[in-house]
Structure formats: C-alpha cells, structure tokens
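Following are the structures in question.
Common to both upcoming complexes is chain A, partnered first by chain B, then by chain C.
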Partner chain A sequence: MTVRSTAEDYTKEKKAGEGTYAVVYLGTKKSTGRSIAVKEIKTSQFKDGLDMSALREVKFLQELRHINVIELIDVFMASDNLNLVLEFLPADLELIIKDTSIMFSPADIKSWILMTLRGVHHCHRNFILHRDLKPNNLLLAPDGQLKIADFGLARLMGSPQEVLTSNVVTRWYRAPELLFAAKHYTSAVDIWSVGVIFAELMLRIPYLPGKDDVDQINVTFRALGTPTDKEWQEVSSFSNYNKIQIYPPPSREELRRRFIAATENALDLIDGMMIMNPANRWDTVRCLQSPYFQELPEATLPQDLPKLNK
Partner chain B sequence: MSNQSDLVLSRPYLTKAQLQRCQKYSIPDRRAYNQKRLLVFKYLGQLCVQLKLPRKVLEATMYFYHRYHAFNKFETEMCYDVGTSCLFLSCKQVETFKRIGEVCSTALKVRNVPRVTPDILDAFKKRVIQMELRVLETCSFDYRINNEVHIDEFIIKIGRELSFSYDCCRLAWLIAFDVLKLELLITVPSHTIALAVLKLACELLDEIKWPNVRYNLFETDAPSFNEAYFDILNFYINVFDACDLKDHDAVRDLNLKIETFIEIKKNAGLEYGLTVNPIALDKDDYVSKERNFGVKERRYVLKKDSLLEESVSKKRSISDVS
Partner chain C sequence: MPTGNDISEATPAEGSKDAATKRISDDDLYRHSSQYTLWSFTKEQLLEKRRTLNARVVDKVNERLQNTISSHTDLSQDELDAIKETAVPVSVDEELKFVNFFARKVQSFCQSLNLPTEVGATAISFFRRYFLMNSTMEVHPKHILLTSIFLACKSENYFIGIEAFAKKTKSQPAAILKYEFSVLESLRFTLLNHHPYRPLHGFFLDIQHILHGKVDLNYMGQIYSNCKKRITETILTDVVYHYTPPQITLACLLIEDEALTLKYLELKFGNVGVPSEPESAEAIIEEAKSEEAKSEEPKSKESKSEGSKSEGSKSEGSKSEGVKSEESKSEETKSEETLSSSKSGSTINLDLLTALVVECKDMILNVEALSKEEATKIDARLHYCQNPMLLVDRLRRQKQQRDSSAEVAAEPDSKKLKV
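Right after this comes the complex of A and B.
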C-alpha cells in the first residue's frame, strides 16, 4: 500500500542527543499532534554494521506493548537510514532523585516501584531480560506513567545450557551472581536492580556505589553480607569467591536504621528483592503481591506524582 | 514520489506458489540458482564450523538468504556476499556475535581466495555491511522469526513430549540439517519442520509408529505439516545425491537409498500442502509486483490492524495501489 510519507508526518524539531549508535530528535507526529522521539540509526559509521543495541531495541520493543514499557511507534527506512519512532518521555527517575528541590513521599516511591515492577513483570512474562535497569532508564511520561526504556542490552532468556555474558547491567545495580561472573543467570538479575533502585529512592543517594568492579563486590557484600554455601549452594565455587572478604549480613535492626522511613512490609520487599541466592530471590509476581502494596499509604496516582520543575 | 511511503505488512512465511511468484522477478535462471544455493550452503556450513557457531546460526542464515532472493535479484557473483552478510546478521540475531573482521577473513579463507590484501578484505567487509539492512528489509524487520527456539531445539522438545527415543530424535536432527538447504524454511515455521522431520525419522527407523498427533496441540495444522513432510520427502527422492544424511556414520546401518524414500511416500497417502487461490495470488501485490525502488521510504508493520488503521485514517492515504 502506498501512503503519504512517514518521514514527513514526523517533525524533527530539536536534536535531543547523540548516542553511540543513534541520533535522537524530538518532534511531533503531525497527524495526531503527539510528541515523539525519532532515533535515526547510524548504519555506516560502525565497523560492525548495524549496532547490536539498535537491533535489540527493535527486536524487543516491537513485541512488547505495556503502559510501563516505552512504545515503539514506528520503524521506517528513509533515504537508506533506519529510523525508530518512540514515544517522547521528558524526564527520568534519576533526574527526579537528584533534584533536591523535589520532595517525595513514601506513597510516591510506592507508585514508582509499582510501575517499575509491572513493566519488568511484562518483560519477564515475555521471556525478556532487560539487563540494564537503573533510574536513568526509567523514563517518566507527562501523565506521570513510568516507562522502562533502553532495551539495548536486553536479551531473551536463553536455554539453560546457553552461556550468557556477565558483563551486563550498570555497575551499581549489578546482582551478586553477575559480580561473580556467572555464565548462567535468570530474570533475578533484573529484580536485584529494582531492589537497588527502591533503596535509592528511599535514601535519595545511590545505595551500592562501587568505584570499580572490584570495589563493587566489596561495597555490595559489606552492605548486605557475603553469601555462604549455607544460603547459596556452591557459591564458593565461583573462581573469585576466595578473594573476597567475608562480611556478616545486616540485622533487621540495622536495616530499620538504614531505611528510617520504611515500613516492615517495605523492608520485607527490599529484602526479598535483594536475596543473595538468585534462586530464592523474589520474582515479579511475589514482589507485586507483597503486602507492601496492600498497606497504606496507597500508591500515588501517576498524574499526582512529583514532576521536574524545569 | 518523494512524499510517498510504502507501507509493508510483514509476512514471514510464503506458500510455494507465492514464493514462485516472487521469484519470477528475482530469479531468472532457476537451475543456476539451485546449484549456487547448494554451494553457498556448503560454504556457510564450513564458515559456521570455522567460527564455531551453533546450528541455529546456519538456520537463521538460510532463512535470510532465501528471503533475500525472494525480493532481490539473484546474481551469481553476489551470492557469496549475500550469504556472508546473512550469516553476519544471524550471529547478531541469535546472540552469538562475531566481529566483522573475523567473519570476513574466515570467509575469504574458506573460499580459498588467493592473496588477500587489506584492501580486498576492507572492500569485502563494506559489501557485507551494506547488505545487512537490505536483508532485514526483506524480512520487514520482523524479529519474531528465528529469534529463540530453532528446529533442533524443537526436535528435542517435541521428541520428549511424544516420548521418542534418543536415536529417533538424533536421526530427526540429522534430517533437519538437510532441510536447511530447502526453501521450506520460509514456507512453514520451525516447529512444524521439527514435527515433520520427527515423523520421517520414525518411519526410517521403523521402531515406533508415528502417533496420531493433534496438530493444534503443537500450534500447527495438517496442511502446513504435510507441506513440510512432503517437501522433505521430495527432496530426498529428487536430489538424493545432494543430501548429507546418506553420508553420515550414524545412519550407515539404515542403508538409505532413494527407494527407501519412494517407499515411504507411497505409503504416505495423498500429497497435499498449503494452497493459495490463483486469483488471490494475482491480486496479491506483495508477491505479484516487483519492488518499487522509486519509493524511497519504506515502512514496516507486523500486525494487520496497523495496516487497516493506516488505510482508514482518512486523508492520509494518497493512493492505494492495490
């Protein structure tokens, strides 16, 4: 079917940024007036052709449709360039956390974590691991809805024998199995990241800020205790286990002191999301069914959530 | 022309008749194409071995290769480049990424290209990369195909479900290697192919009777299954010499001959498969019209709804070619 040009239907009003594999423009879809972001994929400049991140982004966003996952509106080729049209999302959770002029309540935190978990649950039930969850990748729509973005590191859950790279997830949000360079891991890596984000929202500073990969191991286990074979069978067989220092796990009292404003149910949830042994770590269903989401205060409605001042 | 856009609905599988209609424009000499296809397959197989890539890469590569030639002209001197580009892309698709330099230098080695200079290598790399998007376009950027579970994995899953023996599944796995040479890859989905090769393996081993399978339990139907089953049988009957199965140590005891397959076909009942109404075929622009490169912008959608929405959205449509 021949229709009016797609490229002409989208205005590119402003260059929003230039990433490693794409130039992002902000604009409007003329026919609907909807704000959009056009990602023009750079194809020729790369030594290895079409970038893996671009490929993954199309691959996963094409099939995922959920209110808490960024929408891929269009894919088109214009003048031999690949263009991805995404919904325009003006803010992200990192900006909100860092903006000290913004006050937010426990109900607001609950709302953001709830939306994150719903989005992650949708990814996981479609067998997709995001592998780069962090506040910077949780974008906020003008109506307050939180949307998971940047599927450049995502991949399908492999067969059990498939070897996966452990060099994923931004350092501070990396699960212990990744710190141990595990070759096989599950959707539990994403849950850990959500747990760290939850803590960061409560503390308003990064929870486990390792300076480098070695320091990250130390920071993580100092804060949460070093896992042992008792709770995580054969954890000591990871090659770098012997080099790490053994720390005791924090007591409940210590956690209460750490997260002063958190309720017991909130502490249970964060505890469940950050269980060292990935096999015992809570999955999205268990997290979403946590009493934390049933107790008061109710999660703030998305439209009532704090917004960036600028 | 500049203010127009081609809106394409992804159709990942085409029936034999639809495919032949597409190839009317893209493949002028069918015999040359078939000969080259087998050579390219052999070359890609060697390349996968050298690069230590799993079989699913070869499966995805051949899917791309067949799709590419359904919509782009087949040129003898280009087919190795197309094959290499399909392989390079497949590595990304199935998450077994290889660097372009490694793929291209190994490819030139496999093809025994003499005196490879850095200039020759660079020119080759450039050609391979340039073709990537073209290949993806012929698949309408549809990543639902060749994504995760492939024929070999389906053989194991279905074989286990139907309680087939290890030997039976292994034989099916060997047959499935030959299937990668066939255009069947773009005719029916991988799980249907897996089911068909399992049936053939059962019949060749003669140890278990093929159960009365309810196709819908395996997300397929009788016409698709039969399309696959008879296509594979016909391949062994018509081009037995081109098959790899006969040379495999594991099947030496079976003493496979063309007659074996003729006999199976004789007992298989009426040959039938996927059909298309010839009138519908004539009206189908997707397969009956050569691609219009005058339209500089091409847009791809996966769902029919999106296409319908687009045509309904008033004033947007300039002219409906169909």
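Right after this comes the complex of A and C.
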C-alpha cells in the first residue's frame, strides 16, 4: 500500500490565485522537483462540510488519466484542509485568444481543437459530462499540450429518468437544450461548447456573447437560426419556446463569410458540433473522424504552438 | 484477480505503438477505475488486509488490557475473569460481521430517508470501505453510519444540507461532519462507484433482444425488479470486492432464473464464429472499423486509439483477469452492447464466464448475517476492551445494587447481615 502523502511532500511557494472555494499555490514536489499547483480547498467556512465543487473535482479527476485532461497528482489533508495537488499549467486558451500580440494560424487552431476533442472524448467514454467547457478552462502546459480543467460542475451521464439541472455551463457556451431549460440532456452539451470555442478561436472574439440569459437565446438563434419541430421534434413544447423570435438558419455562403479562413471541412465540423437538435449533433468520435483533421494543413505540434509572451 | 499491471496498452496518454489496431475497450477503462485499482481484491488479499488491520489493533488493545490489569492490583478474581471474558478484542470475522450488521442499518436509514437506490448503494460502499481501512475497535461503526450517507448524497448529486439532514436523521450536524474528512481519507479520496444497476438495465434490454419473441415482457419486468433488490443485497457483501458489476448482475440473474440466464449467455457468447447476431451488429462493427481506419490523423504522435469509441466490445473473459466488460453505462451505448464476440479475435469464453458467475452466485447465497444478540455481545466487547475499567466499575456497581437489594429483602431475616 502506498504511504499516505502529506503537506511535507510539497512546497507552497507563492499564491497564484484565489477562487470562491479554493486558494491556489504554486510549488514543487520535493522528491522530484516537478512544478505543481496546490489547490487548497477552504473548508471550515462551509457549513455543509466539503464543498460540492471540490468533491466533484476530486471524484472525477481521480478516475481520469489522459494527456489532455489535467492530472490530479495527489490529494492530502493538512490542518483540516483538503489539498489537491495538480500539474502546473501556466496558461489557458482564453489568455492566448485575448492577447492580440499573438498571431495564430489555422494549423494552430486545428491543434487546439484536436487536443480539446481528445480530452472531451476521454471524459465522455468514461460517462463523465464536463458541463463547463470554455477557453478559460482549457489550460496549456509548458510543452504546449492542452488540458481540460475544472471539473467542479462535472457529473456522470444521467440515467434516463433522472432530472438534471440545466443551470450549467458558462452562458456564452451554453447549448440550445440548456437555454430551453431541458431536464434531460447528454454529452452533446459539451460538444456545443467546443463548437463555440472553435468559432472563437477563428474569430478571436466571443462568438455568441449574450448579455444575460434571455439575450443569450436571442444571440444564439440570430446567429444560427431558430430550431423548429421539423429538425428537432417537439422543440416547440419547451415552455419558453413561444417567447422566442424565429430566425432563419444562416446559409452556407453566410457561414463562409463569417469564418473567412475556414475550409469547407472546417465549416462542416463546426456545423456538426452546433446542430440544434442534440440527438443529431456530432459526438466526439464523429468530430475526431472529421476530414478536417486529415486535410492539410496538419495540426501544429503542441511544442510549436504559440505561447504567451512573458 | 486484479493485478493492475496489465494496463499499459490501455493508457491513452502513452501513445502506444499499436494504437491503430488496439482499441480501448470498456474493460480497459474499467481497469483504470479506482474501483478496480484500489478496491478490488482476491479473496486472499482481502483476508490478509483485514487480518493485518485487526492484528495491529488487537496488539494495542491487549497491551492496554495488560497495563490495566497490572496497574490495578485490587482486582478480584471475579473481576479478572470478567475482563478475560468480556473485554477481549474482537476477531477478524467478528469485525466483518459487525460491520455488515451496521451496513444493514445504513441501508435501512437510506430507505427511511427515501434516498435513490444508487445513493444508498454508494453509502453502503463508503461505509464498508471505511472499515477496510479502520478497525471497529478504533472507531465504532455507529459514528460513521450517518457520515457515509451524508457524503454519498453529495457524491451522487443528491445534496441535502447538513441542517436538514441532521433533522431528518435526528442527529447533530457536528457529529456527522466530524468524520467527513476521516471518511474521505479512508476512501483514499476515491468516490466514484460503479454499481451493478446499470448493467442490470443493459442485460434487461439485451436479453429481450437476444431472446426476442421467447420472453414475456411482464415476466422480464418481474425479473428486473427482483434482481434490483438482490443487487442491493450484494452491495452488503464482499462480492463487490471480487467481481465486476456486470458479473454480479449476471449472478443475480442466475439466481432469479437460471435457465433463462444460461440460455442467454449461450446464445450471446457461445458458438464463437457463428454470427448469432443478425446483420445489424456486424454492419456496425464493419463500419466502425473502416471509419477508424480512415480517421488516422496524419501526424499525431498521441495515441490514435482514442479517436474511436469502443463501447460494447467485450474483449476478454479470462478468469485470471477476472474482469468483464463494464456493461452499458449509458443509454446510447446500450444498443451497441450487442456487439459481442466478433471483435479482433478476442472473445469471451463462455465456460469461464459461466463458472465465474456461478462462483459469484454461490458467494451471494452464502452470506451469514449476525443476529441482534450476537451484535450486542460484540458491541459490549468493543466497548469494554477499550475501557476495561468501565467493566470493573459496572461489576462493582451491580454487585453493590445486588447487595443492597439483598439487604432490603433480607432485612427481616437477621441471619443475612453481611455487607
């Protein structure tokens, strides 16, 4: 049996950030010198014991080992606090997108999307929904590898009768079924988010930036067309369907203008990821098998991807 | 059984060389789960684990008993005898039965709280795993009971606030939260449980598919609900440490209807090579294979095998590995579960599978439960072996009471005047 690890095994060198339920420190693992991040979960202030987000993060990261999912190296208790030892990841995709001094090519975008889809595929084949995919949660390792992080909203795929909360995913990346407050949904919600991220990488600005939840519905359907019963059986029976405006879907020509640098295969992929009806939306396998990943240019090797200038 | 060292090709991050031909199966994924890597044991390993734990604590308890006896020179022979009889440490077997006795209490609490089946199963699992790491002589099961349930609710997305939870269970929030981290730590921070309920749903559908027209739907519904109850019973036993969820499910099905289950297994896994499955399944496989071939990414150094899903492939049935496919975890994959033996040469050996399931069935049927009286006795020993002087105090108190009441009774009879 492995020896229980303790705070002694790691150094906490500097505070890197503070969130609602955790403080993050940068440090090293003493035995190997490996750079790590320690997420110290604030516990005492929560009257219900261990916070649900922290619990989900531990629960799912313990089961996932994949090059495109953040590695949970260790967990230990120190002075009544729960500490998650994670691999150190200095950047995220949002920082890269926002940094206007960084140029990136279609091959770079392909590489990031490929790594994202691989990570998401690993989650989905383990029956785990992430439910909060956005550029800010796609972290970048020093060697260029992209890692999906923040499993605080993750859950196992529901059984058919189970009611799921639709109050998940950061607004701009929220799939239409969530906008309709569906009580049952699938891994397709994550795919939608990846589609929005794909668009954002090409546009360098948020694709569907709703100002509030109501506006999000409007922004989404104005850009992509309002779904009808023809393509999505009984979509009109969602309670808030009547209130929404009906927009036509964009023509292919319009999409070509919107994503000026995208190839036809790239457009097919983004189209497939943003199919309104979640039952028809592409899954990770279909996405990964897209001709987009087989045509030139080849995806940039992770180590050659643009990095933040520091 | 679980060795945990046969997983190299299944480690997606390693970029295996033969990734193009080797797909990651559900078995591979299951072998990566904490349930398999940390909480699956051979019978010998499990016994050894419990023995080691028990021995460590027994040594301590005996030492303390000796110290008590030698530091209290005023103990009478009766008191020494009582200590020797009642304040003795409990054995491995007694601990196990005592834990299971309380695991049943966990179960009935969950039922009275109307918790979903899976939440209850997880609570029982947490509770029993805790006592693989801690002896009942160190922590009394009653302290862990509610904490296990509370944590299971959180872990299974069935959150109940601590105030409400304490109210419903007539307990104190502090008493429940006090052990939360201890439980987490003992669980080695692994919270995801694979229970046999989902495989049951998968088999329920697949049996109807394979034995189409030969089974009555109402009858199958009856089998389903009986099995569900029986599965909950198995969560209370050691089979969960030795068999995978689908194996346990098959064992339960075997108990419910042996003929049906054997027939199903035979049609499903027998006659390898003869397509027992009609066109559709074969077609799906072929399609998947060719798409997989096409989808070879031009340059990627990372494992390609993740580009293709392989739910439903049951890639081995070897008993030494002891793991069968983690069956039908999601609705989408259920239809694909019918892809059976046609995958890349590796097949399930019907005889081995049947033998394994029968073995599991026997284990389920051979569970000994503890009677209330026995539990009370063990309870007393747990208490007194920790605090032998409490036993002595009690004896003295009892004696005093007896004497004084004897005195009262004997009052008229002056012969019995001794104090």
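List of remarks:
One rule holds for everything that comes next: the second predicted complex is superposed on the first by the 304 of 310 C-alpha atoms of A that agree within 3 Å, B and C clash if a C-alpha of one lies under 4 Å from a C-alpha of the other, contacts with A are read in each partner's own complex, and residues count from 1 in each chain.
We take it that contacts are C-beta pairs under 8 Å (C-beta built on N, C-alpha and C of every residue); 3 or more make two chains touch, one makes a residue touch a chain.
Note that this is a predicted model, so its numbers are computed, not measured.
Taken together in the superposed arrangement on chain A, chain B and chain C clash. Shared-chain residue A:H122: touches chain C; no touch with chain B.
By the touch criterion stated above, A:S236 is placed in contact with neither chain B nor chain C. Contact with neither chain B nor chain C is seen for A:Q303 once the two complexes are overlaid on the shared chain. Using the contact criterion defined above for the overlaid structures, shared-chain residue A:K47 touches chain B and also reaches chain C. Touch criterion not met for A:N167: it reaches neither chain B nor chain C. In the superposed model, A:L55 makes contact with both chain B and chain C. Once chain A of one complex is fitted onto chain A of the other, the partner contacts of A:S31 are limited to chain B, with no touch recorded for chain C.
By the touch criterion defined above, A:A78 lies against chain B but remains apart from chain C after alignment on the C-alpha atoms of chain A. By the document's definition of touching, neither partner reaches A:N280: not chain B, not chain C.
Aligning on the C-alpha atoms of chain A brings chain C into conflict with chain B at a single listed stretch, 127-135, out of 127-135, 307-315, 325-333 or 397-405. Annotation: chain A residues 4, 43, 47-50, 52, 55, 58-60, 62-63, 75, 77, 80, 82, 127, 155-156, 159 touch chain B in one complex and chain C in the other.
Touching chain B in their complex are the following residues of chain A: 1-9, 31, 43-44, 46-50, 52, 55, 58-60, 62-63, 74-80, 82, 127, 155-156, 158-159.
On the chain C side of its complex with chain A, the touching residues are 11-13, 24, 29, 32-34, 150-151, 154-155, 157, 159, 161-163, 173, 176-177, 180-181, 184-185, 189-192, 198, 201, 291-292, 294-302, 306-309, 311, 329-332. Taken in their complex, chain A has these residues touching chain C: 4, 43, 47-50, 52, 55, 58-60, 62-63, 65-67, 75, 77, 80, 82, 114, 118, 121-122, 125-127, 155-157, 159-160, 186, 283-285, 288-289, 293-294, 298-299, 301.
Within the complex, the chain B residues that touch chain A are 2-7, 88-89, 92-93, 95, 97, 99-101, 128-129, 132-133, 136-137, 141-144, 147-148, 153, 295-300, 302, 307, 310-311, 313, 316-322.
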